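Both of the next two complexes hold chain A, though its partner changes from chain B to chain C.
Here is the complex of A and B:
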């Protein structure tokens, strides 16, 4: 058992489980840096998982399917931004609406597209793996570095952060906050779409109804624990990857499967509480000193 | 009624109308028999007494979770744990109904009280976590919903499972079940409990001192603090009461004639529906039965549509999503709102000048 946990296969299993959460965590991070809590990640991920298999079935190419899925993810981000920023819908309620639409919409769309109910049975092309590591996993790791450079080394990244820190002072130096928040939410949608795409085109090789199963929500927590930075988010997403991979291994033991299923959510909850507590204590210390 | 209030109602109905039109358009896109499907959706519930009874049955759990969410959201706590509280309430009521051999009459009461207590403790968890550590109650509540699901499935599979019945508990004893109100239907005593809860919820939120403090704390935290309201206490109470109502709802649902065993192995979504209800009812528990009636009608229509035509039930979730999006969009129809208020003001001014 222990030997299993230290094998290279297990490291690959961790990376595999981390990948979708990592994409969504980066997505949550960029939205949060612009001052918006993107709870619609759950719905965007679900939509993207379905779009991924549909596009790869239609085009026969995983890459074109990925690109098209990213476009769709960006469009959902745009719609979310329109409601939050232009129509002044509460961001949480708008996200809940998108998540509800995704739950129903994916079933409807799958049925109309293929006549399948619940899961896809048509042929799809998944993202290939090189040396046991999926291309999407590599892309996710690359995106951590890209998002870090983007947020901290480019003018647009600075503008996103300043809008999130203080909208009014950003406006006072001539930054169009609405435009910046639009960009952040579209980016968030695209990143999340990559995670959704991987769920049905690499992690699994078909679409199943509600297959995101809370990963979008976990990503929100992961991003918050990582102080919404790409690198912090990566570390926390990795922690969940480990929790999930350990859980998958434990399913082979006699421990009840229901308890194992709790592991990722319990890890998130405890991690979030500990992290928030440390942040609060640090703030109190700073306030005193 | 002020112009602004009239406008709010107008916008609500307009949102519902657009949402229905969007759903019809979708049905036209995916269905080979769109007209039959839409007719089934709209008129289906009226076609027979049994269908109408189904609407009322579907309404009951929605009133509970809707009222619970109204109370929790009034304190401006985005606690989404009513989903898990409902689930847990159902499990607790079912488990105690099976394990405690209580006489008829007493049994349902005890089971429901325990279900409410479980729900209250459950939704208080994110609130306590927020107070003690500052962790976002929203994220925490999303996580504990899944913990509730797997905990309940664990208890089901290892403690109350009937090996002869698949993934279901032993048959719940007759003594613990709620009475049917009208013979020939499954409309049960839970309807009365639900309506009482909605009225009490309204009284608590809008006519008690605690409810007033709670709403102040929800709408303006600083002001509440300056006026000496104990915010921590108020928030905690709102989450406890809201969760109790949701847990009670789960208990009522599982002890209703609709179920004979505990069979929930996935989240049922009543917590998310409750947010639609809360939006439609504008956070007033008294209006939740009406909002629940609307949603239940739509649901029943959709399930008739799914049975008789080629359109799936899930269309309704899209309708719900669009309703939320438009009904809470402050700027949606804002020009019309401006026009209505301006016209009203002008009329008032003219009246004054004439006098």
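Here is the complex of A and C:
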């Protein structure tokens, strides 16, 4: 049984399962730092998974497809920002609207594009893998460092964090909070689009309907548990990736499948419990002064 | 003013979103006039999805089209595409009740488990209306034994038995695998048939079994399949809806084999065809064709369940040029022999409907990899 878990295949499986969640976790993090809960990750991911295969089929290049998908992800982030910031829509309702649109809209777009219903059957070009590790995985790991530096070492990063901490005091020192939140949501859309792109262009090599399957929501939880920091989010996303990969390997054993399928959810529950305990302790400490 | 325009646009966008998944509920393909009293037998097919799935619903539609081609004016039918999304399901019951209310149809046909609740209330409210439900078991006893419903079920375990035998015969490593959606009745029926067929073909066969937990997470399906192929399996069978695409991709990536399901996946997915020897099909159209002919003759046994297997033409394996190219002749002959034996009743295939959970677990354990 142990040899199931000590093979290069297993490590690659962990990285593969972590990558889309990690991108979405970073996306959730940057939005949360600007004071917005981006629940639309699920829908942005799904749209991006579809756009990825469509663009790579049209252009024949995975890189151009990735860039175009990122542009689309950014545009969806922009639309979300417009609803929330200009039209004052409730951020949760706007996100639900985007998620619902994605569920039906992707099936409709795919049908219009290729006549396929639910699953793409045309040829695509996926992001290449080096030594079994996809370049998108490497990009995701790189983005952890980039986002950390961006949020904590650049003026714009500081502005995003200050808007998230307290919008009014940020504005009192001349920061245009709406502009900053726009930037954060567009960035969030772009990061999430990378995760969606990887789902259909590296993880899988085709699009199937609703293939994001809750990864956007898992990422939201992961980011929250990681205190919305890139490094904390990375650690939790990795934990989810490991839980997923361990569950997949355990199905090869005679352990009942119902128990195994609980693992990712049990991990979330235990993680959230530990997280809220730590937060409470910290608050108690602060209260005592 | 500006705000109002945006509110309108947003409403329009949301409405569009709600409608996109359902393929237009108001698009009947055929709506001939007349009622059941003018001598024309009229049937309505209510689809909890859309046509064009190249499988289940298309097959049902083709069965009715074949009957129409044969009987001409004496038979007419209408197809209602209700959409398969979560938002569409709220329309199922009103739609089926509308059809009952119109009184225009001699028979209302529908299928799949998503329709059961809507159908149950229609069957109860319109005792004079005749119904057919296919591919989901109807609980006659729990609903007061209605005598206006005919229930068509498919012996997926029989066709799955053949796939299992064929996979075991083609395997070089002595290990095969199975990717299911959720461990429900139909998936388990596939599973027990698959394992039995594999064991009959090779008593020492090992069968790795994984369940995705849903029918949509193709990426997880791929991870599970890669794990099974990496553990030594070299032939697989996917019965996991669109998540099953993961098994096909894993087979292509590792150069292993994968059997298709529900539609001829080798012809549907040319890129994957070299890894798909054949596919297991449910012949919905043929079953409906047979049932409707019986009903027109006044011989259909309403109030009962009927199982369509090989001998009834309800299930089959795709056997085309591609199949002959990929599968050696002696294996094809062996599979044909097994099919004949099942049809003749010489082999009784296990069924999840008559097995307890423990028996299924014991069967799985008897061929487990570890």
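The criterion applied here is as follows: the second predicted complex is superposed on the first by the 282 of 289 C-alpha atoms of A that agree within 3 Å, B and C clash if a C-alpha of one lies under 4 Å from a C-alpha of the other, contacts with A are read in each partner's own complex, and residues count from 1 in each chain.
Definition applied: contacts are C-beta pairs under 8 Å (C-beta built on N, C-alpha and C of every residue); 3 or more make two chains touch, one makes a residue touch a chain.
As the structure is a computational prediction, the values presented were derived from the model and not from experiment.
Clashing of chain B with chain C is the outcome of superposition onto chain A.
Within the superposed three-chain model, A:16 lies in touch with chain C and out of touch with chain B [touch as defined at top].
Of the two partner chains, chain B is the only one that A:273 touches; chain C does not reach it.
By the touch criterion defined above, A:244 lies against chain C but remains apart from chain B after alignment on the C-alpha atoms of chain A.
In the superposed pair of complexes, A:90 makes contact with chain B only, with no contact to chain C.
After overlaying the two complexes on the shared chain, residue contacts for A:203 are found with chain C alone; chain B is out of touch. In the superposed pair of complexes, A:101 makes contact with chain B and with chain C alike. In the overlay built on the shared chain, the residue A:211 is in contact with chain C alone; chain B does not reach it.
Within chain A, the residues touching chain B in one complex and chain C in the other are 83, 87, 89, 97, 100-101, 103-105, 107-108, 111, 117, 256, 258, 261.
Residues 26, 29-30, 78, 129, 132-136, 138-140, 142-144, 146-147, 150-151, 153-154, 157-158, 269, 272, 275-276, 279, 312, 314-318, 320-325, 328-332 of chain B touch chain A in their complex. Chain C makes touch with chain A in their complex at residues 3, 6, 10, 13-14, 16-22, 50, 52-54, 85-87, 183, 208-211, 213-214, 216-220, 222-224, 226-228, 230-231, 242-243, 245-246, 249, 268-271, 361, 364-365, 368-370. Those residues of chain A that touch chain C in the shared complex are 1, 4, 7, 9, 13, 16-17, 20, 83, 87, 89, 97, 100-101, 103-105, 107-108, 111, 115, 117-119, 121, 123, 199, 203-206, 208-211, 213, 244-245, 248-249, 251-254, 256-258, 261. Note for the complex: chain A touches chain B at residues 37, 39, 83, 86-90, 92-94, 96-101, 103-105, 107-108, 111-112, 117, 214, 217-218, 220-221, 224, 256, 258-259, 261-262, 265-266, 268-269, 272-277, 279-280.
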